[in-house]
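Quick one: structure below, then a few questions.
In order of appearance the chains are A, B, C and D, and numbering begins at 1 in each one.
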Amino acid sequence: MDKIKIGIIGAGGYGGCGAIELLYAHPHAEIAVLLDKQDIGRSISDLYPHLKGFCDLPLMDPDDPAVPDDLDAVFFATPDGVGQQEAGGWLEKGVKVVDYSGDFRFNDAHSYEAYAARIGRQQAHAAPELLPLSVYGLAELHRNEIQNTSLVGNPGCFAVSCILGLAPAAKEKLIEITSIVCDAKTGVSGAGKKPAPGFHYPARYDNMNAYKISGHQHVFEVERELSLLAGEDVIMTFTPHVVPVCRGILTTIYAQLNPGISLPKIVDAYRSFYGDDVFVRVFGPDVPQGTANVRGSNFCNLSVNMDDRTGKLVVVSHIDNLVKGQAGSAVQNMNIMFHFEESAGLMKPGLFP
Amino acid sequence: MDKIKIGIIGAGGYGGCGAIELLYAHPHAEIAVLLDKQDIGRSISDLYPHLKGFCDLPLMDPDDPAVPDDLDAVFFATPDGVGQQEAGGWLEKGVKVVDYSGDFRFNDAHSYEAYAARIGRQQAHAAPELLPLSVYGLAELHRNEIQNTSLVGNPGCFAVSCILGLAPAAKEKLIEITSIVCDAKTGVSGAGKKPAPGFHYPARYDNMNAYKISGHQHVFEVERELSLLAGEDVIMTFTPHVVPVCRGILTTIYAQLNPGISLPKIVDAYRSFYGDDVFVRVFGPDVPQGTANVRGSNFCNLSVNMDDRTGKLVVVSHIDNLVKGQAGSAVQNMNIMFHFEESAGLMKPGLFP
Amino acid sequence: MDKIKIGIIGAGGYGGCGAIELLYAHPHAEIAVLLDKQDIGRSISDLYPHLKGFCDLPLMDPDDPAVPDDLDAVFFATPDGVGQQEAGGWLEKGVKVVDYSGDFRFNDAHSYEAYAARIGRQQAHAAPELLPLSVYGLAELHRNEIQNTSLVGNPGCFAVSCILGLAPAAKEKLIEITSIVCDAKTGVSGAGKKPAPGFHYPARYDNMNAYKISGHQHVFEVERELSLLAGEDVIMTFTPHVVPVCRGILTTIYAQLNPGISLPKIVDAYRSFYGDDVFVRVFGPDVPQGTANVRGSNFCNLSVNMDDRTGKLVVVSHIDNLVKGQAGSAVQNMNIMFHFEESAGLMKPGLFP
Amino acid sequence: MDKIKIGIIGAGGYGGCGAIELLYAHPHAEIAVLLDKQDIGRSISDLYPHLKGFCDLPLMDPDDPAVPDDLDAVFFATPDGVGQQEAGGWLEKGVKVVDYSGDFRFNDAHSYEAYAARIGRQQAHAAPELLPLSVYGLAELHRNEIQNTSLVGNPGCFAVSCILGLAPAAKEKLIEITSIVCDAKTGVSGAGKKPAPGFHYPARYDNMNAYKISGHQHVFEVERELSLLAGEDVIMTFTPHVVPVCRGILTTIYAQLNPGISLPKIVDAYRSFYGDDVFVRVFGPDVPQGTANVRGSNFCNLSVNMDDRTGKLVVVSHIDNLVKGQAGSAVQNMNIMFHFEESAGLMKPGLFP
C-alpha cells in the first residue's frame, strides 16, 4: 500500500519537529511537505540537526505555488488562530486535518468563546461552520468519532493529562464531581521553542513557579469532557506550574471519593475503563512512577491512590507533553482517521536515562 | 558582648553546612565545635570546600573528651532519633537545644506516635519527659514560647511551607477547614547529602515524581498547628513531589473559601497576620513568583489567589528548604531564645541567577 | 531469516539498558536472556519502567542452569574484570562476544598492563590466550577484522570520541603527532547507574570538574590506535571533565598542524577518510554543533577547525556516550560480526529537545 | 567614615545585579543610583525580586536631570561601546569609573582594534585619549596601578580565568610560552539576561557546545598580560564552550613545561606568586575541585598538575563568572581605588549545595 502523504504546517516549531520524529519512519505515512512562515528555504535539518539524513525537506511558504496539493492529511502545528483560517481550504481539497491548537476543540462558537477569552482572543471564530464537524482528538474517549471525521482538534497537553487521569472516576461516579483539583507541573518544552525571559536557562534552571493560577485555558476542554462522562456539569480548579524539566507533565489530581469507594474498586474501574487502550497504563500505589518513565514515548502512566484519612482520590498522571501531549496524539489520531493500526509508528519506549 | 558559643551536631550534613553558612558571620554567635559520627578529624572545609577560610574546624566525635562543654547552644542537625537520646544531657548542662528532626515537634508521646509510625520508628520516644518542655520552632506562630524555652523542635521543611501558607486562613476562618489540599514540590537537597538511586543525576535530571502519596509524616505537625489556630480538628491531604531543583519548596495550597470571602479580604487577612514578620512576604495574584526569588534566603513568599469559578483559596508558598525550611529557621529560633534581634545573621537576599 | 539470539550480561546497568533500547526492535536480532548478579528474578522493566511492554524479561543469575546456551552472541555490559573471566566459556560454545570493558581492547598482556594499572587492577589478565583473538571494536577503523572475529573489545566512550576526531589527521600526517591535547567533557551517565557523592543531584547540578587529570585509562587505546594510523609512537595529553549533562561527550582536540596544511585540505581529508561511514559526519567551522544533536543516536559529529594564529587543528567531536560511546557501537559491531547491514537497528535521530 | 556613593550604569543586567548583591551590605560603599535604558522607573527589586528590602531603588534614565552627580564612583555594567562614550563625562566630574566591557582593557587604540574586530565593531574607539589612563583591573597583577587610577577596565570573565591560571608559569618561565592551549567551559549566565535560542532551557539543558572556536575576543587581553609577564610575545589557542551550568567558568590550561621543571617546583611557584592574594587559592593534584566550590564567591581556585608522560603543565582554573569574573572583580577594584581593605564586602563563601 502506498504511504499517505502528510504536510506539516508550522513545521519549524517543537510540535512540527515532534511530528517529524514520529513520521519519518512511520509504516503507512510519509512527510511530503513542510510549511512555515519563518526560515523559508532552510532545511528542517538545519534547524534541527538531529534530523539530518532522516528528514531534510526545506521549509516552504504556505503561499508558494509549488506546495503540492495531493496531500492526504495536514497537521497544523501552529498557534491558536491559524488553523481556523486555513483548515477549510484543505478540507475542501479532501485533505484531512489535525489541528494542535484550541481552534477545533469545541463544537460551537459559544463554547469556544470562554476558551478564547482566556488566551486574549477577542475575535469571533473564523470558521464557525467547521466547528460542528470537528472531533476532540483524545483517542481513548473519541476513537469512533475520530474514525469518521476529517477534522480533529488535538487536545491541549495539560488536558490530556487531566482527562485521562479523571475519566474513569467521572464515568463511574467514584467522586464528588464538584470537588476536583488538578495540580499540574510541566516541563519547559511545553512553551515552545521561542526564547522568553522565563525560559532563559539562568532564570529557569533552579526555579519553579505557578502561573495562570485558576486561569489556564485548558480547563474548559477538561470540564467539557468530564461533564460528558459524568452526565452533569463539572467545574474544577486547575493550577499549572513550570519546573526545570524539558519533557513531561505530571498532574496530581485530587477529588473527594463517594462513600463506600475502596482503593481496589478504583483501580479496577481504571483498568476496566482503559482495558484495550495500549497507551494508558494504570498502576496502584505500590509502583513508583516518574515522568522519566514516559519521556519520549506516547504513554500515559496513571498512579491511582487513595488518601484514607480524608477519603480523597489521588491520581498522578504522567505524560510526555511533546508526545502524548501533542505530536504523539496527533499521529494517533491520524492513524485512526486512516484506519491504520492505532499505534503505528508510536510503539517506542523513549530513552533512559 | 561576647558571642555565644554554638555546637553543631551532625555538622557534616547539608543541615550542618547550612547552619555554618549562617553562623560564620553571625554578629552574636560563633561556632565553637562541630560534632559528627563520620569523617572524624577531617576539617569541615574538606567536606565543603566553599567554607575554606570561613570555617575550618574539624569534625569531632561527640564522645571525644576534648569536646568543650561551655557551649551556649547546640543544633541537632541530625536525623530522627538522635536528639531524643542526647538532648537531655546538654539541657542538664544548661545548654539550649534546637533539634532539626521530628523528635521534639510534639508535646506528648502520644501525638509523637502517629508521626513516628509514618517514618517507620517502632520504639517509644526516648525522652518523653522532655516533650512537654519543647516548643515548636515556627517563629511566626510561637515567638513568645520560643523566647522562654531551652528546647526547640525545628519544623519540617514541608511543614514550614504549608503552615505559613495556611495560618491566616485557619485563624481567620476564611476556609472550610476540612477541605485543605497541599501539593508540595521540593528540590532534591531536602533529601540530604547521602546519594541514593532516586537522586542520582542521570535518574533525576529530567524527571519529576510524587512520593509518599497521602503518607508523608510532616502532615501531622501541619494539622496540629492549624487545629490550634482554627480551634477545631484539622485533617488534610498532603502530597510531596520531587523535581530537579536543588533548593526550594513550592507548595500549592487549595481550600474551599467560606461564603462571602473576597480576595481583598483574604490578602488583608494575610498581611495583617504577618504584619511584623520580616521573613514572610504576602503578594496578591498580580506579582509573579518563583522559588528562585527565595533561593539562599530565609524568606517565605506567599502568593495569595482566589479561584472565582470554584470559590477556592489558592495560596502558593515559596521557601528555600535548606534555609527557612531548616537552618534559617534554626538560627531564627536561636536568635529568639537568646533575645537577639530575630533577623540577626539572616538578612541576606541570596543569589540570582 | 531467523533472528539471532542475544544474551546481555550485566543487563541491569545503563549499558545493558542501552543495548535493550537498540535491540528490542532490531530487524535481525532478538534479546533472548538477561543476566546479572543483582535483582535476580526482577523484570528489567521493573528496573527501567520505560521498557515495559518492550522488554519484560527477568534478570537471571549467570549460574542459573535455566540460562539458555543456544545464543548467537553475548554482550558483556559489565565492569572491567568480568569478561576476561567468562568470555572463554561462551566462545567455546560458539557464541560471539562483545565486551564493553577494557578487558579485550588490547592484544597482548603487556599492553593491557598499563591500562590495568590505571584502574587499579593488580592481577594479570585472566585470559591472556584470548587477547590475540580480540579485535578493537571501533567499526570505522577495524570493520574488516570485526567481520572475521568472534571476540570484540568495545572501545571506551572517551576513546571513541578522541580516535574518531583524530584518525584522519594521524593517518594523513596533518599534524605533529606528539602535540595532541584532548580535552573531554562527559555527561554523568558515563559513570553508570550506581549512586555516588559526585553524581548526587545537589552536588552535581551546577558544577563541573576535571578528574583523573593526565591519568585516565582510556588514553592508552587512543594512543595505540593513533600510533597504528600514524606509523609512529603517539603519546598525548588527555583530560576528562564531568559536566551536568546526562548524555554526551564533547571532546575538543588540539594539535599542531604540519606546515602547509590548510583548512580546506583538512576538511577534505576528514571527509575522504569517513567517506562511507554513515555514523561519522564531518562539518566545517560554519555549522554550529552541540551534543544535543547526537543525543540518543549513534552518530559522531565532527566539527573541524583551524586556528590560523597558532597553526593548530581544533576538532570538536560529539557523541552520545551511551550510544556511539557504548551500546550503539556494540550493536554496530554485532551487525558487522553477523554480516548484517552495519546500521541495522541504529538509524534513529534521537529526540530533541 | 561616610560611605562612598556608587552609581551603577546598566543596573538591570546580571552584571548590575551582581554588583548590588555585593554592595548592599558593603561596609564602606552604598548604592546611590541605578541607571539603565530599559525599565525606567521600575524598582530593581521588581526585576530581581530577591533584592526586595535590600535594594529597591528605581532604574533611572541616565539623561534624567534628577540623577545625582555627587557620586564617588560608577560601574559601567554595560556592553561594549557604552563606557567609551560616557566615561569621560563622569571622570571630568571627579567620579572614578570601573567599566565591565572591553572598552578600557587596552591602553591604545591600536591594540584595541584587534579586540574590537572580533566583536564586530568597525568604529574607532570613541575616547582614545582615555585609553592611556586606564588600568587593566585584574587586582592580583595590577594592584598598585589600580590604586592610582580613576579608570579601570574590568577584565573579561574568561580572561580572569586564564590569566590567573597562567601568570606564575609565564612569569617564572616554567613553560614554553608559545605552547599554551586554554580550553574554557562557561556557565550560561555569562551570556547575560537576554533570552536567545541557544540559552532557551529546552535547547540548553542537556547540551554542550564549543563556540567562537579560535575566535573569541578575550584572547587578546590574556596574551597581552602573559606577554608582559613573560617578557616576550605570547600567542595562544583559546576555545570557549557553554555547558548547562548557571554560574562558573572552568578553564583547563595546557602548556609544555620547560626542561627540569618538577611538580613541587610548579606548586611552589604558584603559591609564591599568589602569596598574599586572598582570593586566589592554589591546590596540588591531590585535592578534588569543582566550580561549585567557588559558586557565589570571589575566589579563584587553581588546581596545579603535571602530565609526566607528555611533560605538560595542566592547570584547572575555577571561578564564578559573575563574581570574580565580573562584579566581584569590579568591587575588588573599587576597594583598591578607594584604599579600602581589598576584600571588603567580598568575604563570602557562597552557597552549597
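Here is the rule we go by: a residue touches a chain if its C-beta (ideal position, glycine included) is under 8 Å from a C-beta of that chain, and two chains touch if they have at least 3 such contacts.
Since the model is a prediction, treat every value here as computed from it, not as a measurement.
In summary, the chains found to touch both chain A and chain D are B, C. When the interfaces B-D and A-B are ranked by how many C-beta pairs touch across them, A-B comes first. Averaged C-alpha coordinates put the centre of chain A at 39 Å from the centre of chain B. The distance from the centre of chain B to the centre of chain D, with each centre set as the mean of the Cα atoms, comes to 37 Å. For chain C, the set of residues touching two or more other chains reads 14, 187, 189, 193, 202-203, 205-206, 244, 246-247, 289, 292, 295, 353.
Remark: chain B residues 14, 187-189, 193-197, 199-206, 244, 246 touch chain C in the complex. Considering their complex, residues 178, 181, 183, 185, 187, 202-203, 205-211, 213-214, 235-237, 239, 241, 243-248, 250, 252, 254, 285, 288-292, 295, 303, 305-310, 312, 314, 316, 353 of chain C touch chain D. On the side of chain C, the complex with chain A involves touching residues 14, 17, 21, 24, 48-54, 189, 193, 205-206, 246-247, 281, 287, 289, 292-297, 301, 347, 349-353.
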